[in-house]
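You will see subunit A twice below: alongside subunit B first, and alongside subunit C after that.
Our next item is the complex of A and B:
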């Protein structure tokens, strides 16, 4: 980079529009804690997944027809007649799942190492905004192939808004653009599904801005004391991220090429039919824990509120967690409850995948109560009563064993 | 740290496994298909036999609207053979100069038409049940080809008679009853290659054919996948070596 700036023209240009200095500052010299572990790879992987979705999505959109009578056929045409259309479509459909996998791991990293705590609250909020936008995008994307699950998933989820008192019904009709999920719904979902990923890009820029302003958290969760705590991003983390991207792409390729429909639902290969309701309407796997919370509450409005609260509660996390220690490494009690929460989420996932009958009903209710208990009661109490292990003096000190 | 990632990954992967919770149907036995596995490919001879079963039996009730006649070249038919097969089918043509609808012989670029002019006619001829288009049925049912094979090859009782509702008992069908009369009986078709046309043979062959109809790009997918993954393994290995080398002098 420095060598480039020796060139007279490039120096002249950079002086007027400092793209090179900017890149150098933010992507090369940018100081990163020297002790980041592989849990810090998931941010760059989420970025990679977003780019993959946008690139494959734009090409899919060149061949896709957003009309209730033609959408299903056009997706089949992509699968059969468009050159490498099957590859594009399977990349996009499995890419959405992998996007959620890395983002959920990215969030779990934040929960474990206390990355949401001061001074990174806004960074955390922006991440949650990205999650909400991703959910909306994926939900509307799943409607586009206009299969049975597309149609009935859209019907179930949009119907949730009818739980709102008084204005619920009009809101649902406004969302649908009619009196049922139909062509108007499909058209607006396509438009929004095209738009929202670019809104996500915008929020990602803010997310990274906030990150570079306050710098990365690290596995020890302690503040940096001086330059000895840092190493330049390039080449150390560029190469580490490249290695992580390789591993990610291998796992992605295994699903993409050898089990491309494993994470999808077979019913979505049946064209949408408003007259035939599928036996079990299940959302994509990444929505299952939230779907379980929705169904755990016997009251419709209550269920919707609980589902909304399960995400919005995360916005309050920086204040619900009363401990000043960030990293779970030094929090012997919190550490256990972190894993309990993870297990609880998996249990909720299973509850969401199974029909709301038999023991799944009480199980999902217990798991839902525990989810909120964790954030509203346990976290504040643990913070007050836990005796943290002693923190090291600096990032560099235990590392350099000085 | 490794434990952290591994346990999280394990947790996350458990969930989708249960997403396809099956109903009260019997689980079909697993058949060893030639297209299973990393190196799986379609067995051309089997697909051609399956095509014969489809044309000879299933096509009386089921269409195959996403499969064009010319697609059959991919399973080993010549251009002329494709033309000859297409010529057996009639499809809607343009309106004539009086504005009246016409029909014409199908051409290679046409798809296998449904034998019925519309769904209502199809229902009327089948006791109210719709014989679905079969192009995607190998992907739209859990266990795909295993399911089709079991449904038509194993599920019906011998000399099955419909119940009072006109439905046949078949434990592989959701709900245990199906409107389709047992489609296969021994020697329902005569195979061009002399293979004995038992019910087991025909149900296996037509299931493989329907898998091809649903996923015609399977072979390309698996072949490209192998190359991509090998390439990624080398690339990732190189990244790992570079990473080790670059970080060798950094205490972390």
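Our next item is the complex of A and C:
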């Protein structure tokens, strides 16, 4: 990069539009904590997944027809006739799952190492906004193939809004553009599904801006003391992120080529039929914990509010967690409850995947109560009563001692 | 002394690793790009429609039908004796794109051509122009009764698609 800037023309250009020195500043010289572990790979992987979704999505849009009578057939044509269409569609469908996998791991990393705490609250909020946008985008994308799961997923999710008292019904009709999910709904979902990823890109830019302004958190969760705590992003973390991308792509390829429909539902290969609901409808796996919370509450409005609250509560996390220690490494009590929360989310996932019968109902209710208990009661109390282990003096010291 | 100035940066195993990593990434990216390019090529269902059969029996002498082949117009002209004689009387050295009438037909009475002007792709009008053939209204190209360019900006004769007679009154184009 420095060699490039010695070139006369490039220096002239950079002086007028500093793209090169900006890139150099943010992607090469950028000081990153010297002790980042592999849990810090998921941010760049989420970026990779977003790019993959946008590129494959633009290509799929070249062949897809957003019309209720033609959408299903156009997707089948992509699978059978378009050159590499099967590959591109499977990349997009599995890419959505992998996007959620890395984003959930990215969020779990933030929860474990306290990355949401001051001074990174806005960074955390922007991440949650990205998550909400991803959920909306993924939901609308799943409607586009216009199979049975698409149609009934769209019906169920849009009907969530009918729980709102008085104005619920008009809002749902407004969302549908009719009296049921139909061609108008499909068209607007296609339009928004194309738009929202670029909104996500915009929020990602803000997310990175906030990150580079306050710098990365690190596994010790302590503030940086000076230049000895940092190493330049390039080559140390570019190469580490590249290695992570390699591992990610291997796992992605395994699903892509050997189990492309593992995370999908066979019912979505049946064309949408507004007169018959499939016997057992479930959302995609990444929505299952939230779906379980929705069903756990035996009240329509209550279920919808609980599901919404399960995500919006995360916006308050920087203040619900009363401990000033960021990293769970130095929080012996919090560490246990972190893993309990992870288990609780997995349990909720299984509850969401199974029909709401038998012991799944009380189990999902217990898991839902625990989810809110963790954030509203346990986190504030742990912060007050926990005795943290002593923090190291600096990031550099334990690294250089070893 | 020279070594100190030029060889300040010695080649190391790390340099090799960088270059090798970059090379693998570049080859991988190049291979991954191909499906994204190839998806824009004609799809299998489009290629499957690339040949058609045309029944010639309803076309009387002196008349022409236009059929759709790969989304393009194909002129099938049942030529009169006068048309054929006129086309064969033209001295070949006068032509911009020299081709005898015999080279352009399987059976002299049937002229089969892609009805797209070789200038910029408009569809020429039949029975018009100065040469008893076709005339392109877009930029004024004149084609004769064999579909050869005679006047105007077009560089080439109207193209002859690959076709064969299946029987006396049926052809397969493509």
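The criterion applied here is as follows: the second predicted complex is superposed on the first by the 401 of 402 C-alpha atoms of A that agree within 3 Å, B and C clash if a C-alpha of one lies under 4 Å from a C-alpha of the other, contacts with A are read in each partner's own complex, and residues count from 1 in each chain.
Heads up, the rule we're going with is that a residue touches a chain if its C-beta (ideal position, glycine included) is under 8 Å from a C-beta of that chain, and two chains touch if they have at least 3 such contacts.
This one's a predicted model, so the numbers in the text were calculated from it and none came from an experiment.
Asker: For the overlaid complexes, name the partner, subunit B or subunit C, with more touching residues on subunit A.
Answerer: B
Asker: Between subunit B (first) and subunit C (second), which, if any, makes contact with A:261: first, second, both or neither?
Answerer: After superposition on chain A, A:261 lies in contact with subunit B alone.
Asker: Which partner does A:199 reach: the first (subunit B), the second (subunit C), both, or neither?
Answerer: Once the two structures are laid over each other on A, A:199 reaches no partner at all.
Asker: Between subunit B (first) and subunit C (second), which does A:242 come into contact with in this model arrangement: first, second, both, or neither?
Answerer: both
Asker: Who does A:282 touch here: subunit B (first), subunit C (second), both, or neither?
Answerer: first
Asker: Does subunit B (first) or subunit C (second) touch A:313, or do both, or does neither?
Answerer: A:313 sits against neither subunit B nor subunit C.
Asker: With the two structures laid over each other on chain A, which partner does A:88 touch: subunit B (first), subunit C (second), both, or neither?
Answerer: The second partner, subunit C, only.
Asker: With the two structures laid over each other on chain A, which partner does A:353 touch: subunit B (first), subunit C (second), both, or neither?
Answerer: Once the two structures are laid over each other on A, A:353 reaches subunit B alone.
Asker: In the superposed arrangement, which partner chain does A:59 touch: subunit B (first), subunit C (second), both, or neither?
Answerer: second
Asker: Is there a shared patch on subunit A that both subunit B and subunit C touch, and which residues make it up?
Answerer: Touching subunit B in the first complex and subunit C in the second, residues 80, 87, 239, 242 of subunit A appear in both lists.
Asker: Within their complex, state which residues of subunit B touch subunit A.
Answerer: So the residues of subunit B in touch with subunit A come to 1-2, 4-5, 7-9, 11-12, 14-16, 18-21, 23, 38, 66, 71, 135-136, 139-142, 144, 174, 214, 216-217, 220-222, 224-226, 228-229, 232-233, 235-236, 239-240, 242-243, 246-247, 250-252.
Asker: Taking the complex as given, what residues does subunit C use to touch subunit A?
Answerer: For subunit C paired with subunit A, touching residues are 21, 25, 34-36, 38-41, 43-46.
Asker: Using the touch rule from the top, collect the residues of subunit A that touch subunit B in their complex.
Answerer: That would be residues 34-35, 37-39, 76, 79-80, 86-87, 90, 97, 101, 104-105, 108, 112, 219, 231, 235-236, 239-240, 242-243, 246-247, 249-250, 253-254, 256-258, 260-263, 265-270, 279-280, 282, 285, 288, 339, 342-343, 345-346, 349-350, 353-355, 399-401 of subunit A.
Asker: Could you please specify the touching residues of subunit A with respect to subunit C in the complex?
Answerer: Touching subunit C from subunit A are residues 55, 59, 62-63, 77, 80-85, 87-88, 239, 242.
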